[in-house]
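Here you go, one structure.
Every chain is named by a letter (A, B, C and D) in the order it is written, and numbering of its residues begins at 1.
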């Protein structure tokens, strides 16, 4: 199987944010090519979007159901290797289920589903079909997050005692959803977004990052959820005290009303031997602190990094990589598994990306 | 009354940390001079310390009781204008009470007392005697903290919604108290320190900073206190969710086991109009964030600052001031009140330093 | 002309650095597709590289001459819209000339040629053929560099007085070229690299950045070039004092022996009204300083930025963009001009990328 | 000799900047006390200043000559141990000479004199009298500058190849001297300031810092001096290329017209093994960079620092020290030498402060 992978997309039409991110992330390495899509539930909008992406009009659909039927019937040399789901949360489950059942690999934007029942149903289906299911918790694609994980695994921090994860944003500090802002509109609507607002949207990124880096599992938690903006139906701020299974403690706070904050996701992990700190807005650095030695600043692209961090890098140190490269890394990892699946091989042993299990845990 | 102020010190002998800080802070502007002291409960050690400070040996005492009797009998031209108490927490109340009753103004290291009962008793005594009582919550002496307070007061942040205060340290990550480390020894001993370890020692600084800058009062809280180091009797880590009286929410976390952290006290305040951030380890800057304008970095020593920030500055911008200057600012403010008290005048209207009320609130 | 652009590549085979960068930058937006190439002067290596990129083997060539002949004969629906030249410096001129003469648009890695004579000849040829010629001075593709340029143009800095540009690297601090390191080998070889080492390689980026942002032209200069590494034939360090035509002064320093520096390109511009500072390793921020107001931190992705900065952005603020996105921006701009050229239209008025003129100035 | 040192001051009356700095720096440790002074050439102003400092009016003088006569006649138990000279540059030489000849130790603000002739004459006089002469190049008092020096001395950087020193300020970007601004007035006046403006005032700090940390001596230089502000008679900007005696190269740039810069003195030293960077505005950190290891951030107040850095520290790490503490460190070192001199002992072997030799080199 020596060719670019072919993929289709559900959602992600004109004007959206995350659809464009997925297209760049999936195609930046020229390892895959978008060839089909149902970009909008409005057929006109879907067609216009397909034209934006230079697609063959016969492979642009008015609904994912229509797309499923038509694409399932494509001959082998045109068949999609995977589909990407970038619709609002309440429209993750059904297309994912449908395409998995039709034998397609699936890449799904987070959160994996609307609620825990759906997430568990998907998990069962993935297990049954044996297809690749990728959940794009993109921050785990950062080279220095991979490095952090390896430092923890190698015991360089000792036993983890405390974790502080934060994800403050400011974009929903006013009632943006009242202005027909597309993303604000569905992210604050319990019918499309699910039972949680801020914590479900970005708190899960922080939680996923904790788990990915430290391997710790939450045992108990105490959360204070607040809706600051009048008329909003989902929380836009959350403060959580965490207790992990092995005695570690922590704090997780996320917010969408922190004016002037952009995507200030940070993770600090304190162990008995050393501590680490990573900031999403300065992703090329990882700070390591010790009791009796100078602090260290580990920087992406250097030869002293773990192979796992090196593998998640495209350009040498000092040429900053960012959000799209990290997102693209999730795709690069996924492609290794998808190529294996399409070829009937086992996936490489060291392949590592967020899966349906992360989706279930996040719920 | 045109002369330097004269003061005596209780505690703060050889080998201590905070006593030296108080001496530098009180004397750096050459507005006051140390002339007497009971520096240790060990008379020999007290005398040796007195000699270190070039004091007249007849004014160096073996106990604060002895000092009180002798100094109360000094003639007017030698009488102390104030005394400074820098003993461990359990020895704050009795000397404070004694010297207040003898008519001396008092500067006391925080926390004001061992427990709330003592704190309230002192408050009553201060009210009764009319003496100046200063509690050295030193971080409020920073020029940029003063600026932050003024920005909040002037409504530049709008209504405060969320506050995040942190004070991680790492110095007690191991059982330092088992090594005869003087400060570690009493700060982890409930008999000398009181019912709280980490939160009482540094959490109070974070709480005081919140109150000083925002004026918010805590209504409810949920705290998770942990003792990580085996054999320790007081908590060395605390995570707290805060609810303030007017609907604002917050997080306060403090720790003494965060390896590699020094005194990373930070305060972030998020309002409906703008947000501010201050870091104790970069005290000359205050960051202000907006929804629709570039971030601002306000820097100490500039002409655009509030008069209150200007008044708490010694050198022009770009010549960094630090911990000792901020501590010295508390003394400079206190001196304005003490000079007034000694002269029988009212204190200046704009004088501002932490008082016995802050001490009671902190408890 | 509603389709992806087709391009071929000269150089950039396996193991190189800059070829991969160009491929990602050109294809990340799925606006163009690599379909042909002469990736190495070694035909085997060229074929292997073509296979890496999933190319049709009939369009992978053993030399650029062979490629030129074959590709010039392609029918219209397969004809290349542009070619990308990423060979060592001494192999820029000949393929550029050849393909321009055959009517292809050209994107060329910097420096444009081996010496000034070649550069001027190319300039004449570009003028004569009317083809698009793009020189990838990639740092000018950064959104915040575009913002800086607009601030200067709008007079926000007043009259420019002083400019400081730096580009320290450390990768050639030892004699890396003696280890068969491919890039080190030709970048220190006067036969392949030209008369200048460090200044030609990275000093030109700093010079180009000054010119792009400020519009200033160098009038006089005094340079001190040094070769620190024994046995090396080109300078690996340069310090330059600059005098600009309108009275502004400056310093430019570049180095390849600054151990531990990666790509620390920075630009500071001081005017009579305000100053700006940009750091390539923190490219999402632009710092603006004033005499009597707080500093400002302008951040990529915000609504307050100039349209030109907004146009050079892919994702919202707080999701950092980096080197590849900036490089991709040069391509995005180039595509606007190339699409116009291919369609026989004039290029958009606001299109802005480095051209052959920048190449001549850089020499 | 167990007592506080006594000192007098020449210059430094009301409204000045550097006089206040010297008083705080000299007295912050309560090791010395100001007891006399000729604070202004205007006797009224001098008296008012003396009163500000609570001095005995009989020891406040209208001129340094008057002061010299009277103080030379004081009995031993009242005799000054040293005098501090903080007048404009043209008034350094004569009082320094006079007091040295009368047998007083002298602390002098930099530059040591108006020109090289004066500087050399002072050097001869210091040698002849054997008195302590301290030149307050205060930045060398920073703990992390001391650490940097020790790292270089210990060979941790290998052979030094390149040095970059910068000192941009913005306070003279407009013609401040036309507004009767006291400091601007004499610092731009060749009669009071000497032949150099910006370079003499702050370029010398940068030069001194290079020498102190690296031990390198300048062999050749090429300087471009500019006066940007119309009507000013001394340069307000300077760019200098440096060649050092052992083959190292460097750049030094200083400016007073860089709007928005405060005191952004920085030093970067690049060696064959490692590099260091220090920023005066973040003085508690020293960054060390390597070819193949994570960067290190050395922080003041930690146990891993050299004894020389530890000795130049007052408070533990994380409690930032600043400009005044560094300045005070120069005084603390000086006091060790002055106490020795007054007691007829040799100075301690490890005592280290800038001397008359630094003053001559700076010229």
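The rule is short, and it goes like this: contacts are C-beta pairs under 8 Å (C-beta built on N, C-alpha and C of every residue); 3 or more make two chains touch, one makes a residue touch a chain.
The structure displayed is predicted, hence computed values, not measured ones.
Visitor: Using the touch definition from the top, list the chains contacting both subunit B and subunit C.
Guide: Both subunit B and subunit C are touched by A, D, going by the contact rule given at the top.
Visitor: Farthest chain from subunit D, going by the mean of C-alpha atoms per chain?
Guide: A
Visitor: Rounded to a whole Å, what is the gap between the Cα centroids of subunit C and subunit D?
Guide: Centre-to-centre distance between subunit C and subunit D: 45 Å.
Visitor: Can you work out the whole-Å distance between the CA centroids of subunit A and subunit C?
Guide: 32
Visitor: Provide the list of subunit B residues touching at least two other chains, using ranges where the numbers run on.
Guide: Correct list: 261, 288, 295, 299.
Visitor: Going by the contact rule set out above, which residues of subunit B touch subunit C in the complex?
Guide: Its residues touching subunit C are 288, 292-299, 302-304.
Visitor: Using the touch definition up top, name the residues of subunit A that touch subunit C in the complex.
Guide: The touching residues are 2-4, 17, 20-21, 23-24, 27-30, 33-34, 51, 53-54, 169, 261-264, 280-284, 299, 301, 314-325.
Visitor: Can you name the residues of subunit A that touch subunit B in the complex?
Guide: Against subunit B, subunit A makes touches at 161-162, 164, 166, 168, 170, 173-174, 222, 224, 226, 228, 237, 239-241, 243, 249-251, 253, 255, 257-261, 268, 270-275, 288-291, 295.
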